[in-house]
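Following this line, the structures themselves.
Shared chain: subunit A. Partners: subunit B in the first complex, subunit C in the second.
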Partner chain A sequence: MNQLQPSPAPANNLFEAYETGAFYDEMFEQPSVPRSHYAPLFQVIGRLDQQQYQQRRELADLAFLIQGITFTVYSDGHNTERLFPFDLVPRILTRAEWDLIERGLAQRVITLNLFLQDIYGPQRALKDRIVPRSLIFSSPQFRREMMGLKVPRGIHTHISGIDLIRDSATGEFLVLEDNVRTPSGVSYVLENRLVLMHAFPRAFSQYAVLPVDHYPVELASILRSLSPRGGADTVAVLLTPGIFNSAYFEHSFLAQQMGIELVEGRDLVVDSGIVFMKTIAGLKRVDVIYRRIDDEFLDPLAFNPDSVLGVPGLMQAYREGNVALVNAIGNGIADDKAVYAYLPELIRYYLGEDPILRNVDTYLCSKPDHLAYVLDHLEELVVKAVGESGGYGMLMGPASTAAGRHEFRRRLLANPRNYIAQPVIGLSRVPAFDETTNRFAGRHVDLRPYCLFDGEKVVIVPGGLTRVALRPGSLVVNSSQGGGSKDTWVLRGDA
Partner chain B sequence: MNRYKIHHVTEFTYDGTVSESFNEVRLRPLDDDRQSCLRFRLLTRPLAPVAARTDYYGNWVHQFNVLAGHRHLRVDAESVVMVQPVELPAAGGVSLTQLDAMKDDLEDEFYEYLAPTRYVPHLEAARKLVQDAEREPAGSTLAFAQTASSLVHTRFRYEKGATHVHSSMEDSLSSGAGVCQDFAHLLLAVVRMRGLPGRYVSGYLMPRKASEGGNSMEEVIGGQASHAWMEVHVPELGWVPLDPTFGRPVGIQHVRIAYGRDYGDVTPVRGVYKGHAGQHLSVDVLVLPALNEEGHELLVETAAGPVEPPPESVPQQQQQQQ
Partner chain C sequence: MLARIADSLFWIGRYMERAEDTARMLDVHYYTLVERQGSSQRLRWEPIIRIAGEQDRFYQFHTEADAESVFHYLAFSPGNPNSIRECVERVRENARTIREIISREMWEDINGFYHEMKNFQPEEELRGGPHRFCRRVIFACHRFSGVSDGTLLHDEGWQFMRIGKFLERAEMTARIVNVQYHNLVDKEGIEDADDHQWMAVLKSAGAYQAYRRWHRSRVVPPRVAEMLILHPDHPRSVRFCFTQLQLALRDISGTMPGDYANEAERLTGKVLESLRYHRMEEIFKEGLEGYLVRLQASCREIGHQIARRYFYYTAA
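What follows is the complex of A and B.
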């Protein structure tokens, strides 16, 4: 037999035929040569054979299933509940990489907050023509009800989820979009870490990974600091649209982690501008609401009168300073994808600093010359609706059909203000397990760090949610579009 | 100068018990250099504390809630208001050609009063009115707006009940009829489509003294008392009021309550409540006009007819809008 011949090292099994392709591979400098900070991980994972890997994977899936970590996909009127696919190979960031990201995000969050204070206040940026007035006033996200309203401690963006991508051409992290309404996904950051520590205890122990589990404590402390009554007996609640919402798991998870009540709109009532929670012991005053309901549905009296999710009179309570809302109402004007294009300019305007993290080049279809260019280059560009998120309402040019482009051409001409376009960025890749080949293959990733702002400083849980496009070649990482997630490690020192 | 006392009563009667009723009203006449609200009192039954504020457009808003079960809700708004005569410009303002050159600046300053809104879409069907009004030989923006106002006045028929608060501009354009709200919206569309900023005005049209007579149109409007018209911003002249329903200059008979982009911004009474009951709305506006030269007071009582209850009942409902 072949006993005397060296058997092929199992170390190479699952990475056999792994290609880095034309992309920045976060793990490998070149095939089978890991970057130094990935080397210990490669040692562990590379040694596994298919069966050993599958065992770990099944354990991980079971852990998620038992905890009910699911999300709902909306499409064509069908709602399907799914496990959020989790890939076991963590994404690792060095301390130096993270430091730059952290500084860049803090700068951005502070700017977004200043922008919102300004837009709903003196509107200096409009008077100085940094941002066109029409861009603000034409946005359905501009809430006139917020004009002149002094939000508690001046904070609009308590929680921001800012999506970053790494450009394969340069290896540089770029900001893809800002999410300052009700960004979701942080529960996966916490759960992914717990599951991964159990799936790969040995690999994990070889690294000094910065912890993420203090997120609920940090958020709870911001919630308490906003109480209009002050004092230790602050009552904070998490307001959810209910069990049919795609992020309901997260709502219940965070409420439980922070030790606050999880409520629905019907559990709250406003009386003469004071918010109360209905309890079996009678009405109990509520000071702070971490709301996971969109602005439009928050108060049927002030916004959409058909909403049955919200709390009538809540806007009055907020306006009169009797309750704090997290995040503030009207933040959608700051994460509008057309306003995004002005963020670098706004950083310079408000802070007098150069942006630390760059934007992706963006064409504003509201500008006639940009629109003309976009219409001529639909096949090369990504076109996005400015108010949409979650990967809905977009055209991926290179992968589009003639019919798809025709439809977008019509939409662009009908409502140019509603669209932006960007060049397709070759997102960096990280190995992920491919179910069909039973091997690792490079898959595109992005990164959504969660930033907390307490009015003075920005606290960012190291890492964030790495979303991965599990379909071969796909650049769309949204969970609603076949994406999954990975644990993200930030190393304590420089590896 | 003229002084009026206005008593505006809104009553909701429900078929069953409703609760957690939240309401927002815009009923207090505004104050500025042309008008003073000398007194305002708002009373609700069931009794509720009322909070006052001003909104984005500077209008007064009063808000209250009734949590306990009730079958009847009444809102009494009483105001005393003094109206100064308006000096309307007879001519002037920039020419239409000059207006076109100012497009960017106007959009920058008045975007909200130029863009289409829910109740004021920029429909192709309204284009004809723009073209016809543009034939005004003087070529001035003021003449354009005045011509547009009289075109809307003459081409459309005032017909009580022709439309309701949720009617669209398509409805009134196709039927050729509407109420003051439709006339105002239509004229807003015409001036905005031509590049002139326009804003909606809600208020009251005070009946004239019986001794002065008046045409049938006025009686119909007087019967309603609640009224709507618009103002157009003419560069170099400022905001100029026009009343396409009345067809005559805006003057001391017009009492202003609120400004907005369209009706949706200035709804006099809006609210939501919980309960499965159908509802019945009635509105009365009682007007006590001028202490006239003879010192006589004239009392006119008017009532709007009942409105049909909505066909469907849902757990949370909207108050009908007047």
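What follows is the complex of A and C.
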């Protein structure tokens, strides 16, 4: 155990030539001077040589492979299974940092829920001109079918994944976007923790890290609370598009962890407004559906008639209050990137509070003056399509080509409502292992905490998914664009 | 339990058994032939293809049934949906769709086996003889069986897996006896083989040691057939498989002994009565081939009836 004693100068060859650059480095105050809460970790990891580190890494990769924690990539007509790259260096948040984030997220989730109740109900925020009417009614994410529908216990946003970034300029956490449709990735939070504990048991044991594995229990209890029949024998299911969906692993993982059935559309049937599943003992009534299928594929009778993933008649059963859906239908209007810009105002409007977490400054291209500014400054801005996610439909100004900017100029002019723009934020960095140099190097990260809302309080598993842009210099953390993930630790006390 | 999940578990049991049985046959047959070089190869490898029920498809890919072509076809060929590698892929695919049902240990086991299978190089394996490969497969199947029994709830899902396994095994054993009897005994009932070949038949059904303990005499064809068809306790005999099948079916439906709740149970009970109370000599008198052909047909019909009762829903 001697090697765990702090020593003044660890043989930190994997950190040789590590630079913090112009960015906020989560681990280092300055090169080779770790922040106090990272110091014990630095002691352990800094001592590893390349071979020892590689061994741990291979062990971790093998664990993911054997457990089949892969996502599917389609190319050349073949389905290849890939590992979601996992970087072993954890990202650590102090309790004080987390407390602020937690309060900010709770405030935001409650506001998003109030906003959805309002939009599909009295529409006060529109009448009071907090949000322009046109913005709502021009969104394809606004679902008329939801108007006047009283969702069980008034909850629309049972599960929210809210993306945060830390601005290098100020060290402050900002909200980058809200995801209140079917946010994914929480399974990696739980699996990353398991794998990391096996890879670095000693480093882990030096810290008091808040656990994350109660997430499925919390979610399951929310699901049960929604049953239209009440009672103890609620039947909740998780509805998946099936094995070819890239998040299939997560669907089956969560169903298993919650002890509920994982069903596909073909396992369900609606009869006289009641949803049933087909079991070996006949039809069995279903009360609550945690659906991981997008709105438009849920019910071919109500939405996309070509959908073979959904369940005909499901919307009718939902309208009649015979089944609860998690999340509610129509949530896309709340995480529309143009509506996002109004969130700070909405927090003040519904709660009478100032936002705890700020937004990134946002230009709404639907506003002529904003559009003009954006067109003049394409090279400095990030332009995003309002309804897209996963890093698609995006122009990264500073890294763009003239042709790319030309194309976006055309798109902006053709459909300004569909775009917003934001200044490029220098995301904070955490050391990640660089395959080509076999050293640690600073890589940009974001943070997606997963928030559960039971109608009264917001429960957030400490930390969340830290996504990391593994390509040097890249600011895009999405797995489809070369991103990976890290385990995220929230410390129990204030280290 | 969802009908789709029961269906998947049934096929996991079935394909895993198929992989094991195929590996057993390949292994035993290969080394029996190595030991006894001689007559025309076509004659000698042909039966394996027939036992696997692949005689039609095989000749679409190969002109000659020899060590190389048969091994490649039964172990690796993507053109053969029942090749060992395809079976393992199918098990894994089914397991993947019901990961939340099976235990984590089962999933990691089958997933690891799948990745291992992908790394086997057919040419390389054949060069060193198929023994290493076949042992790996058989061992992996045993391990999976143990991991399943030791970690999965012994509820109806587990029973569906057992149903798949024992139905497959019963049919396979019946086919081994049928084909080999034809192969080794000519029309006048004169044996065209020596002890070694009958020993190989027993070995391919994992029954050689048991036979030795039971008989202590030389290997006599009718006793071999008896061992593989009627033995009450040998885990690969047809009777044993049907006993397990009946237990599993009753466990699911809650039927009392002496009664049946569906067509699958009725047929199973009927076959089992015959296996329990027939003497081998009576079966020979009736005609072994006919008896075995009916047995195989019953296996198929029971599979069909199980699917009708438990897996399929007509449009609601």
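FYI, the second predicted complex is superposed on the first by the 477 of 495 C-alpha atoms of A that agree within 3 Å, B and C clash if a C-alpha of one lies under 4 Å from a C-alpha of the other, contacts with A are read in each partner's own complex, and residues count from 1 in each chain.
Here, a contact is a pair of C-beta atoms (placed from the backbone, for glycine too) under 8 Å apart; a residue touches a chain by one contact, two chains touch by 3 or more.
As the structure is a computational prediction, the values presented were derived from the model and not from experiment.
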Contacts of A:E353 with subunit B and subunit C, given as first, second, both or neither: neither
Partner chain(s) touched by A:E407 [first = subunit B, second = subunit C, both, neither]: neither
Contacts of A:E380 with subunit B and subunit C, given as first, second, both or neither: neither
Which of subunit B and subunit C A:E145 touches, first, second, both or neither: first
Partner chain in contact with A:S134 - subunit B first, subunit C second, else both or neither: first
Subunit B versus subunit C as contact partner of A:V269, first or second or both or neither: both
Which superposed partner A:E19 touches (first subunit B, second subunit C, both, neither): neither
Subunit B versus subunit C as contact partner of A:D361, first or second or both or neither: neither
Subunit B versus subunit C as contact partner of A:P300, first or second or both or neither: first
Contact residues common to both interfaces of subunit A (with subunit B and with subunit C): 269, 271
Subunit B residues within the subunit A interface of the complex: 20, 22-24, 48-49, 51, 53, 55-56, 63-65, 67, 107-109, 111-112, 115, 270-272, 314-316, 318
Residue numbers on subunit C that touch subunit A, as the complex places them: 1-6, 93, 96-101, 104, 107-108, 111-112, 115, 156, 252, 310-311, 313, 316
Residues on subunit A engaged by subunit B in the complex (per definition of touch): 132-134, 137-138, 144-145, 147, 269-273, 300-301, 305-306, 308, 312-313, 316, 319-320
Complex interface listing, subunit A residues touching subunit C: 65-68, 242-243, 248-249, 252-253, 255-256, 261-264, 266-267, 269, 271, 277-281, 283
